[in-house]
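Take a look at the structures below.
Two complexes come next, and they have one chain in common, subunit A, joined by subunit B in the first and subunit C in the second.
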Partner chain A sequence: MKSPKSSATDAKTTKRDQPPGPVCPLQNAAANNIRQVIDDQGKLTGDLPEPDIAPEKLLHMYETMVMVRAIDDRGWILQRSGRIEFWIPHCGLEAVHNGATLAYEDDDWIVMGYRHPGVMLLRGVPLVQLFAQFFGRDGDPFKGRRLPTLMGDRRYNIVPTTTQVGSYLPHTCGMAMAAKIKGDATNFMVMFGDGSSSRGEFHSALNFAGVHKPPVVFICENNGWAISTPQSTQTASATYAEKGDAYGVRNLVVDGNDALAVYSVVKEARDMGHDEGATLIEAVTYRMGYHTSSDNPDLYREQADVDVWVPWDPLTRLRKYLERRKLWNKKKEDALWTRCKAEISAAIKAAEAMDFPTPATMFDDTYEEQTWLLQEQKAHLLADIAELERREGQK
Partner chain B sequence: MYEFILPDIGEGISEALLINWTVKTGERIDEDHLVATISTDKVDVELPSPRAGTVTELCWQPGDTVLVGSVFMRIEDDGAATSEVESPAARAEPTAAPKAATAHAPDPAPVVAAPVVTAVATSVSGVVAAPSTRKLAAEKGIDLGTLTGSGEGGRILRRDIEAATSKTTAPAATTHTTSPDLSTAEPQREAPSGVRATMAERMAHSVHTLAHTTMNFEVPADGLLALQERLAPAAEADGLKLSMTVILAKCIATALTRHARFNATIDEETCGLLLHPGVHLGLALASERGLTVPVLRDVQTKTLFALARNLAETVERGRNNQLQSADFRDGTFTLTNTGGMEQASILSGRPVINAPQTAILWVSRIKTRPRVVNEQLEAGPMINCSLSFDHRFIDGADGIAFVNDIANLFEIPEQALAAE
Partner chain C sequence: MTVQILMPALSPTMTEGTVARWLKAEGETVTSGDIIAEIETDKATMELEAIDDGILGKILIASGTEGVAVNTPIAVILEEGEDASAADAVASASGTAPIAAEPTVPAPAAEPAASVPAAPVAVAPPAENIPVGTEMVSMTVREALRDAMAEEMRRDDAVFLMGEEVAQYQGAYKVSQGLLDEFGARRVIDTPITEHGFAGVGVGAAYGGLKPIVEFMTFNFAMQAIDHIINSAAKTLYMSGGQMSSPMVFRGANGAASRVGAQHSQCFAAWYSQIPGLKVVSPYSAADAKGLLKSAIRDPNPVVFLENELLYGRSFDVPVLDDFTIPIGKANILREGTDVTLVAFSISVDYALQAADTLATEGISAEVIDLRSLRPLDTETLVNSVRKTNRMVTIEEGWPQNGIGAEIAAVMMEQAFDDLDAPVLRITGKDVPMPYAANLEKLALPTVDDVVAAAKSVCYR
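== the complex of A and B ==
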């Protein structure tokens, strides 16, 4: 029943009143000034040239993106069954952080957000360490102090995000400026959400970047939402990128579900950082999942808004591109998923078997030498615990 | 034995309503297998199992309110020792089986050890209670300040409110040997269930916001009955029962594809309409949990038999309490049909629109009634209908056009089968 037959009046009203349904902006990338390499079928139709990435590096990125998706699938279930406390989904956002990380060298510094496990994996952090962090166990370098998915590791030059969204942007400028003054060739990248652009720190950081030209790439992951706040009430600007104009910072908008496009623009911006200064890149993508496990998006968005993004899934697009290049096929795809799931199950088993960090560790790491106040608190706590254990023993 | 402790899945949730189990005792399940649907302040959630094994005990009944931190179900691990109780928080095991909804659940183990408890308690100022608990207290006229909370750190829980309510309504009748004096008896309170509270809110919203306008009309039902009779044998051969609801649904879907504003939802913020291409027809069903409106999807593209199968399956799952939140989503129009239940001869109704939809149709049972055919008064089968629509978005003329179309389709329902 495709063509509704109707009385003359009704036909007219239908036309006049039909609101335009939701449309994925990536579909009209050129008209929207969104830089792109591949379309939804993985064909090279975009304005950007195909990036020159070695096949093994490309495949490694794709495999990591699939692993990142599989982690999200499983992490959500772990939270729902009470095995981990909290979960921040990242489904649909794989291309931004993986493409961007691939454009950076291992010695460069990345200041990551809370939806970016691929940063850790591409840098070589073992999977089990990620799960130790989710479970808050001994294998977590943060000793179980932070919410699951709030990761980072200084050993890999990855700065953990603070939960004060956007607050770390000026610090990234400071780090980059220090490198520049020292004549160190290191580059810097910082990732944050569209909502974070409403913080004062975003403006301080961009202003600083415009004036002093530190080698920073700012990546604004525009996933359409800041919890329940959509772009229309977040900003009156047409794009987040153009905010860079006010501060004299080079800026552009990229298809955030096109890992090749993200890689291309980030690589270019990174490579010119020491000469030309910072770039602000708005990566247009979509948060397919809940804001966090405590959210209920049915209260503020329509399923139809989400559905238009499905054909633009970053994994599907990159897979189709790889298939066109004969680098990938169905058999490899199935084997990859099986392997990812098995590795995740093994990591869960190993991480869950680890001990919890002891209470005494909570006083570590703030000062190089513990202050007398902390020492006193620690002694107090340990005495209480000993007393408790003694009473337990008597029972 | 593994005890699955009800987790706080929503950052600050203290209790959840058990909607239904999706496993049975004795069933062998894998890790991550979905075991139940629960409803919290925030969201309905399907709970996956943390363990693989055999389900040995489902500790609660659908409809029970379960405290976060209590034993939800027990699973016999594959190959694990039976005696050893293993659970995330070591805790005393309740001996008796859990009781019904309002009965109090075993206390969750304290998270903070004894010596530190006082420090925690003193750091709490004012009353601690969830917004839903505060709301319940307000509804019951109970001052939260007068209660001592039984939750962690003195947190006031729903059960504290319920306990306080039952105290104020303690039956006086037990002291009498003669029949109670009804003139002085306290009224009985009926606490709203989650579903009832949601319904109340939505009904009130609809009636207070939408410009309800109702048109009543009647249609000869000879055509509907004839079609049902003619197709019944073929349906039966397929193992199906072709109910009148299915035929009506098909006719309505056909009309809806031609009258876009009736197959729409309201966007209150922009005061605009979303006109939907597919007909997702809500069917108002009475159930133990109150009125529910499961949705049949894409009715316009389905054959009568596919629809009959779809409906039978939905009703069956409804009966087993297995409908999921997805079954209630995305409705574009609602049909309410008193058919089977109707014994009196209801002439018309004023159905309340299931907002954000724009319209709803009530139909009566088909009955022999007096009617005028070819200027002659005669007795014949009739179906009575009442259509309510939101006059803010739909003009009277649109309403008449829709009613004309519906009446015509009910008279000659074969048109619905032929329509493209």
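== the complex of A and C ==
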């Protein structure tokens, strides 16, 4: 896996007393109480049994994970070349959200975070819709009103994510409570980062979940960093999962770079939700890239910290597993990457060809109906634009 | 010397309570600090201590008597050597006959606390939704709010109430009285003490197709939940391109209460009414409280519903109609006038109505407008009034900068500048956190005299 390097290497400091080199915790999964199916070579060495997933479903997940990686590669370049304003990288985090989404049925609800494009793709959202949002064009169902990668789509039972990290944890409880009150059997999953565990809403939501037992799986994607804040500064707890103990919420730690392990534990937690209530799953993974395009990780972490995770790349591991099962080979791999890159290029082309949202739409959806103030402002703006166009026409 | 024991007040807003139980009998000796009775209020049970040493000479209000007004003499303590005749003398002198526990005779309500303007002026409910000849019934704002919720919960199974103390305890201010009994724990939900927690759960329930009423004990505590109100409830419809909405009501007491200090006494009207995506309502009368809360619950948008603790116990005429609603976004002309327009909302309507009475005695005819809704703001009614009176004074208990009055003054400049014969004046609370001391609290709030002076000033009188 590539680990993006910053240009600002000058800011790096050399430590005098070199501590023992960093170690990837996934290497000692059993000792670290991390549930696992496959090792770094794709071999079945973990404590969890191999999940029973139909080959076509498994391959679809792998192909989606590769597409997600390819989107990140390209999105980063689009941002750095000034074609989109903002990017939130997700390189290295593909196993958590793809494995978890695969464990849910399409009519279940997913409340996603902002590093999870695979949720959209696995639910069947067209690629071009994603890029229409990144570019803020007409094909964006959100009408140019959300940052790139703050995705979601109600039509696919995916709640659009917010930048108020953690705020959507109680929302998920509320949705699950509504389902319970209405008597329907929908299941819910919410994904958030390790940093969100310090937000008050994390505690409120877990407390609520412990008392009311809603069918919610809370997935804490522990990627090691909340911007520049490492786990040691975020919490004194040994794990994020164990915080569930305080609230009476079932909890466990899973290898977040092992899509099969994520699928297994999430599927089990989902299936028991209506009887047993919520589960808090900590998925141990690593943010290989920047926090966002506004970040510079060279200011706070060593390249060696990143490098130990490279052999545990979720794509490599799953590919090796598939190759062992004779479901995959180099030829298919090369063809997949070629196809993904071509589809992305086509989606970018199609999205950039779209019109920008028309100015009149700016006033829609503030309320279910338009207030007099909105009507007045809209009329003024449209008159100004018409006048401007008239003058342009005279030149 | 005999000493009267008066019905105590648990809080400055308590007006009456129940003498639950006497723990001492007539003729028993009491020592300062002894617990002599238990008093129940709408909030809690409290123990009444003897302040003086002596003999419990006479019990004037029997155990179990409800509706005893604050400051009513309830017993007489005799000093050593005095006999019961002294107690009788005191009792008859005070004009209070012993009241039997059965049947219950409600005592008259006590005078409102010092900072509350005196007795309400009769307010005509808005005529537009009330057919001529409609029967009217007197009810408190508290009862009107409860009835509005109960009626909407009967009408629509998706409506439910959640908040601190709303179920078992019937509401910290007893607004949800009887709702748990009628609708059960599925729809009247007690939450943990976490405003950002249950406001967020409410937003999620609205996403999930229900219509939550989220009660904040007061809006002071909603500060913790303001992220959910603004960043989630108000923006979701817009940011999802119209895909998802949060039809819900955030309601509770807003504004200065009485003697509860800076962190419990502030008006959030200006805060919320700045936010696109929210509707903001702040009624004065019981009829408006009922009609507007029903509309708020039915509204497809999130509505912030700002009540006032000091108005909860006040009675107004409410029409007896099967389905009485008041449209959000419509102000109400409570009193027509020709010389100056007084604009107010919630409890500040009291100041305006009383000022109008005073002004009338001095030959100034004041028009009084109750805004009722703060967003959308009914600027049309305001502009039409100024076209007639050419003068305007706004009244609010909140702070001046960026307040409701500031907004109205700006709108008048933009839309009615040529009709104004004087600058719009604002009467507001003082620009300080609310003090606790009784005298300072009174000084920090507007007065009727302030309104009268401002009205005369814009009339150049």
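Going forward, the second predicted complex is superposed on the first by the 377 of 395 C-alpha atoms of A that agree within 3 Å, B and C clash if a C-alpha of one lies under 4 Å from a C-alpha of the other, contacts with A are read in each partner's own complex, and residues count from 1 in each chain.
By our rule, a residue touches a chain if its C-beta (ideal position, glycine included) is under 8 Å from a C-beta of that chain, and two chains touch if they have at least 3 such contacts.
Owing to the predicted nature of the structure, the values given are computational and were not obtained by experimental measurement.
Engineer: Regarding the shared-chain residue A:D334, is it in contact with subunit B (first), subunit C (second), both, or neither?
Structural biologist: Neither subunit B nor subunit C is touched by A:D334.
Engineer: For A:D47, is the partner it touches subunit B (first), subunit C (second), both, or none of the two (neither)?
Structural biologist: Neither partner.
Engineer: So, does A:P170 touch the first partner subunit B, the second partner subunit C, both, or neither?
Structural biologist: second
Engineer: Could you say whether A:S204 touches subunit B, subunit C, both of them, or neither, answering first, second, both or neither?
Structural biologist: second
Engineer: Counting only touches as set out at the top, which of subunit B and subunit C does A:R83 meet: first, second, both, neither?
Structural biologist: First partner only, subunit B.
Engineer: Please determine whether it is subunit B or subunit C that touches the greater number of subunit A residues.
Structural biologist: Here the partner covering more residues of subunit A is C.
Engineer: On the A-aligned overlay, A:E387 touches which partner chain: subunit B = first, subunit C = second, or both, or neither?
Structural biologist: The answer is first: A:E387 touches subunit B but not subunit C.
Engineer: Could you say whether A:E105 touches subunit B, subunit C, both of them, or neither, answering first, second, both or neither?
Structural biologist: After superposition on chain A, A:E105 lies in contact with neither partner.
Engineer: Per the definitions at the top, what is the overlap between the subunit A residues touching subunit B and those touching subunit C?
Structural biologist: Comparing the two interfaces on subunit A, one with subunit B and one with subunit C, no residues are shared.
Engineer: In the complex, go through subunit C and note every residue touching subunit A.
Structural biologist: Residue list for subunit C touching subunit A: 160, 186-187, 192, 194, 196-210, 212, 224, 227-228, 231-232, 236-245, 276-277, 279, 300-301, 329, 376, 379-380.
Engineer: Of all residues in subunit A, which touch subunit B in the complex?
Structural biologist: 1-7, 9-10, 13-14, 17-19, 74, 77, 79-83, 86, 292-296, 298, 303, 384-385, 387-388, 391
Engineer: Any idea which subunit B residues touch subunit A in the complex?
Structural biologist: Against subunit A, subunit B makes touches at 4-12, 32, 42-43, 45-50, 88, 113-116, 254, 257-261, 272-275, 300-301, 329-330, 397-398, 401, 419-420.
Engineer: Which of the residues in subunit A end up touching subunit C in this complex?
Structural biologist: Where subunit A meets subunit C, its residues are 140-143, 145-146, 152-155, 159-160, 162, 164, 167-179, 181-182, 200-201, 203-205, 207-208, 211, 364-368, 371-373.
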